[in-house]
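Consider the two complexes below, in which subunit A is the common component and subunit B and subunit C are the respective partners.
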Partner chain A sequence: MSPANSALERVTKVPGIRGSLLISATDGLVVAERLMDGIDGRATAALAGSLLQRLGRATAGAGMQVPTFVHLRANSGSILAAAGQNDLVLVALAGLDANLGLARLEMLDAVGRLS
Partner chain B sequence: MRALEPWVVEPLQTFLTESSARLILLMTTSGQVVAQHGFARSFEVMTAAALGSAIVASTEELARLMGAPRFAAVVHGGAELSCLLAAFGTPRGRWIGLVVFGPETSVGLVQLFFDQMVEDLVGAAPREPAAAPMLAENFERELNASLKELFGR
Partner chain C sequence: MSNDIRTLTARLAEEPSSLAFLELAEALRRRGQLEAAYKVARGGLGRYPGLADAHDLLARILGDQGDLAGAFDAWVEALRLDPMRTSALKGIGFLYFRAGNVVEAREHLQRAAEIDPDDQSITQALARMTEATVTPVQTSSSRPAASASAVPAEPDTGDSSADPAEQGHLLVDGNGMLLSGSLRSPGNEDVGDRVAAELAGVSKEASRTTRLLGLGGWQAIAVESPEGNLYLLPPTPDTVLLTIRERSLPMARLGLIAERAARHARAWLGVQE
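Up next is the complex of A and B:
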């Protein structure tokens, strides 16, 4: 199994995680994905990539470092994103019942192993 | 924005707003301009339309030679500007979109909203038959009329 697929498998094993993707932040394109049916990986990659790019610009403008982990909480779940090296970002889609703490730990560890 | 057909404007405007693209040119596969946004001079539009349609024709021929289906899109990535070129079917025939975008957006976002625009265009297109092929003797007059419509002069 490739390192990318191994990272995705670790994240999707966390209870409540509906899927995960490895994306190229600058391009907003999917590198690898493991998603439940009905989730549009292409749209997720494009919009999550854009969000991270804008957050990076905002924090840089405020004189802060680029965020290493982003948690976007919505009414029906969350989007988690962990930035890695070489412009790669590990994104996870979490339901309301997801174990977010475990997901965060797994994502940070998985994205660190990708470098 | 300038468009030869008014029903094109709304999908195009939505695409520009959502994708943050800088320039867009919609044309037929023969290079006839349907709508444009961001180009300042008619010469630039006509050149881009001719080159864009030629690139699409080349890639489609390349796909045919390789025994592959048509390529969905061609993306030229650059440090300052990038360009997406894609052909798509509409009730008015096969059209080409040429989009120029900068680093303030991404190829993923542009592709995502381009596909949405294509769906909107297909949905908005009048179902009446397309105009008859242009006669050679009317070509120059039609071209000048189209340029006047697209540039307001």
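Up next is the complex of A and C:
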């Protein structure tokens, strides 16, 4: 199993995580994915990539570095993103019942291993 | 003249429109050169009348000079510009306490504590106030008398240029215009307007993302960065509130602080809870 797929598998094993994908941050393209049926990987990658770029500009405006971890909480779930090396970002979709603390740890560890 | 004051004076002379006056006036105040500090702060306020930091600084200088009525007015102005400025709430609270108006004093300090529950100086001031409340309570809501003695050192109203906790809240409208708050970069540059302009785009992008992915409306964005943690909330559908704290503060706790600040923002915007 490739390091990317290994990372995705670890994250999707966390209770409540509906899928995860590795994306290229600058162009929002999918590098690898492991998603439940019905989740559009390309749309998720594009939207997450665009949001992360916006957040990156905001933090840069504040004189801060690129975000290392982002949690977007919505009414019916969450999007998590952990920045890795070489423009890669690990993104996960979580349900309302997800163990977000564990997902965060697994994602940070996974992107650390990818670099 | 110390090196820092010499450097700051040179920087201000080189670029009179810079915000170096804040640091210079504060450095002069700390050295007890109150008249010089006052002149520098007044000069800066002439250029930046809408800068809450400058009014806050002027209030501290006036307090040190014994002009408590002037300090009170300057803190009120700072609070008008930035309703979540805990240093102004603490300053006003303490001036009320000095004037014997414990009710108003406690109210201001409690508001400050709600905004920043991690500020130990507020908790301690409230505790000291409880201990010291043996004198009759004055319920007048008028401002404190100018004849009260000089502002003592406690509670510390904070050095807004050095304490990021006194800043770090930005309330932004849907067009990226700053409504309230201030933000300084790690290099002490005023970056409020720049970040505000970006935050409107973040809010729109977050709405688009969650809607298209079937997650409903967005509630919050927690962002970890090597320099600190950020928390974004939409107090109303047309506004975004950014709260920044040091990375050592747990994110969940930062979320609670941000939620409290959002409640204040909604009240300030006149939105019914």
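Everything that follows uses one rule, which is that the second predicted complex is superposed on the first by the 115 of 115 C-alpha atoms of A that agree within 3 Å, B and C clash if a C-alpha of one lies under 4 Å from a C-alpha of the other, contacts with A are read in each partner's own complex, and residues count from 1 in each chain.
FYI, a residue touches a chain if its C-beta (ideal position, glycine included) is under 8 Å from a C-beta of that chain, and two chains touch if they have at least 3 such contacts.
All values reported here derive from a predicted model rather than from experimental measurement.
When both complexes are overlaid on subunit A, subunit B and subunit C end up sitting side by side without clashing. When both complexes are overlaid on chain A, the residue A:Ser50 reaches subunit B and subunit C alike.
In the overlay built on the shared chain, the residue A:Arg113 is in contact with neither subunit B nor subunit C.
Taking subunit A as the reference chain, the count of touched residues is higher for C when subunit B and subunit C are set side by side. Looking at the shared chain after the overlay, A:Leu29 reaches subunit B, while subunit C stays out of its contact range. On the chain A superposition, the C-alpha centres give an angle at subunit A of 100° between subunit B and subunit C, rounded to a multiple of 10.
By the touch criterion stated above, A:Lys13 is placed in contact with neither subunit B nor subunit C. Look at A:Arg42: by the touch rule set out above, it reaches subunit B but stays clear of subunit C. Nearest C-alpha atoms belonging to subunit B and subunit C sit 9 Å apart in the superposition, given in whole angstrom. In the superposition on the C-alpha atoms of chain A, the part of subunit A touched by subunit B in one complex and by subunit C in the other spans residues 43, 47, 50. Those residues of subunit B that touch subunit A in the complex are listed here as 105-109, 111-112.
Interface of subunit C with subunit A (complex): residues 183, 185-187, 189, 191, 194-195, 197-199, 201-202, 205-206, 208-210, 212-228, 230, 244, 251.
Residues 23-24, 26-29, 42-43, 45-47, 49-50, 53 of subunit A touch subunit B in their complex.
Subunit A contributes residues 39, 43-44, 47-48, 50-51, 54-55, 57-59, 61-79, 93 to its touches with subunit C in the complex.
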